[in-house]
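In the two complexes below, subunit A is the common chain; its partner is subunit B in one and subunit C in the other.
Then we have the complex of A and B:
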């Protein structure tokens, strides 16, 4: 899997609200359940590790970021809101080639 | 196939020559063979070019893996470990760790990945090896089992528990407190250097923790295994290709009842099924590699599917090849005898058939 910083990225990616909405749509589509921005995605009754990897890959591909090393802590993935914050931070840092 | 991949395939054919059978019987690969392939960057050819690797795509690396797998399942197993180690560093390590470790793995340094423990086989949530931060370093203790290529590895990537979470620890095999013991007489992939490893209060610098550690254990395991699974799957394609070649050659040349075996329909059916198995496994692997190269979100499922399909068909195909060759293939070391034994082990590692079935059933049920 290569990272996708050369992929065209939608215009609204800078906006955390929009990222959150996109993520909730993705979660809903892939799991057949409705999620809120603060719902614990991996808590009890939550999602599998296979899906965790799917989410990481989805974030990378959709937002042109690389989620590596210390960014893979569960705190960053616990909820749609946290994931949106991670995307915002990594998009801000993009360009320095970190982990790409 | 890219030209460099074809050239690498010819080079490894020459390197292995007719020696795979002897390696299987001896249970050892010559160290210089492993080093030569490693130094050429071929043990883990997907390491990105910016880290000194060949930068092959998964599709290219897969074709090469299948080719090596058709020659020698043990050498292919060593590639699987090395590639899985490199991939784990690339994903879970910080940029500085990737810049330090990956060029070594692309230039002859060797590595293995240790998950399994006496009480943690299919259930990796039972991993008991622990790593703790002690002062300005870390302390690692625990026992690992059946680590492929550990006997040849310079470094071991050890999956451990770190508080509530997990961590992958980079451990030089020469570190004090590390004891590597070869698994005696494995059923298959006999020369792959499987070993049990003990870590007895091993002290290491803090930057031995990939990405600083404290990552979710299931995510660590799934990420690392993704590479192992696709590599094993392509290795199974190699097993099947070797069996197709051996069975077809034998069926063309061996005559019974006045004609070649291939002209007896019951034998021809074995050939048809064997060839079909090879085609099915190849398609499943090609799909998984496409997902990998496109960074498709369902890559994690695609690699489980490829591994499950590959291992199952390799086991059936190798059994068919043994039928076609009969006494001609019924000695240890023979390519179909190796295929027969190796394929059974491919149904166990990186998620047994049953574990794959559980994952794929979730997929069918729409559970994630």
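Then we have the complex of A and C:
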């Protein structure tokens, strides 16, 4: 089980724009090229699909979320914008149960 | 040839010997298709980590849309040996897949144990990238029950499976394997027995040459892969493929080829052996020709594992 509470979460994590910026920085660092928020990272000339699971794990660890069920599909991870939207939605959902 | 259907997995139970990269990969493929799996490995640490690795592979396969959506996962049971698993749950097995380390002695030992425990006529599959099936058949009491497979890594994501028919493999055995692979939605290509069969016989010396090119300073690993991808249409590049295979497994396989073909081109290159000695085994250890953020040993949440 991912112990999200043990992991540091960036202060600005509530802001989807900031998550997007963080993701673009992460993608840039991992691939050595510059990405825009709506570029298909797995499209032609993009990343190997084997990298997709790394992205999922990165998002889970960095933002303390758990991606499961029907959320676990490539379409959610194609662009930095979609990934940021998913993070925002799952963090919102997780927040409902916070304080337990 | 039997008819194919994705819904024939129910009631099947598969034993997998060896919880390494291929053993867990084959176990994940089966579990993801609703087949119950009994996974055996004497290495306690490796066995303890197997459930998490299988969970990670299942998540990856789901992410890629590579598993049937309406199929409930098969139960996963783990144990230190086939004998222990048979003692716990009985010997009623659809098949045993031997996926222990790529070493003829280790495989022979595992196959001898299988012969002693299972009823005649039980499908026995040796998963190997290069060891001739006829050679492995010497270790079993019933060579007609033995057939070879060479699953590619990761098994959940690669549909085609190289199937090796040994000289003594029975027709019923080959049919039973076709049936099992159909339930796992894999597509077999059956070939005759030989060192390295088809894929390793062609790919492994080529990867070995790619390593030599890097060692000679002609190009970086990245440049070699980019050229092989961009100019020759290789899907991942030979050195990224080497990282995925595991550099230790690749070296083992090259030794098998070298010993049985006598070709110097198959002798593992110095750089490859050096990297193996240094523990840089590729993706599974976090570092090979490339660096990886995390390894198979990392803990992952095991979504959907009900076993």
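Everything below uses one rule, namely that the second predicted complex is superposed on the first by the 89 of 100 C-alpha atoms of A that agree within 3 Å, B and C clash if a C-alpha of one lies under 4 Å from a C-alpha of the other, contacts with A are read in each partner's own complex, and residues count from 1 in each chain.
In this text, a contact is a pair of C-beta atoms (placed from the backbone, for glycine too) under 8 Å apart; a residue touches a chain by one contact, two chains touch by 3 or more.
Because the structure is predicted, anything quoted here is derived from the model rather than measured.
By the touch criterion defined above, A:78 lies against neither subunit B nor subunit C after alignment on the C-alpha atoms of chain A. When the two complexes are overlaid on their common chain A, residue A:89 makes contact with neither subunit B nor subunit C.
Once the two complexes are laid over each other on the shared chain, residue contacts for A:31 go to subunit B alone; subunit C is not touched.
After overlaying the two complexes on the shared chain, residue contacts for A:68 are found with subunit B and with subunit C alike.
Comparing subunit B with subunit C, the partner in contact with more residues of subunit A is B. Contacts of A:53 after superposition: both subunit B and subunit C are touched.
In the three-chain superposition model, subunit A touches both subunit B and subunit C at residues 1-2, 30, 48-50, 52-54, 56-58, 60, 68-69, 72-74, 77. Put simply, subunit A touches subunit B in their complex at residues 1-4, 30-32, 42, 47-58, 60-61, 68-74, 77, 97-99. Note for the complex: subunit B touches subunit A at residues 48, 58, 90-95, 97-98, 165, 210-212, 214-216, 218-219, 221-223, 226, 292-293, 295-301, 304, 359, 362, 366-368. Against subunit C, the residues of subunit A that register as touching in their complex are 1-2, 30, 48-50, 52-54, 56-58, 60, 66, 68-69, 72-74, 77. Listed in rising order, the residues of subunit C touching subunit A in the complex are 56, 59-60, 62-65, 236, 240, 244, 292-294, 298, 300-301, 303-304.
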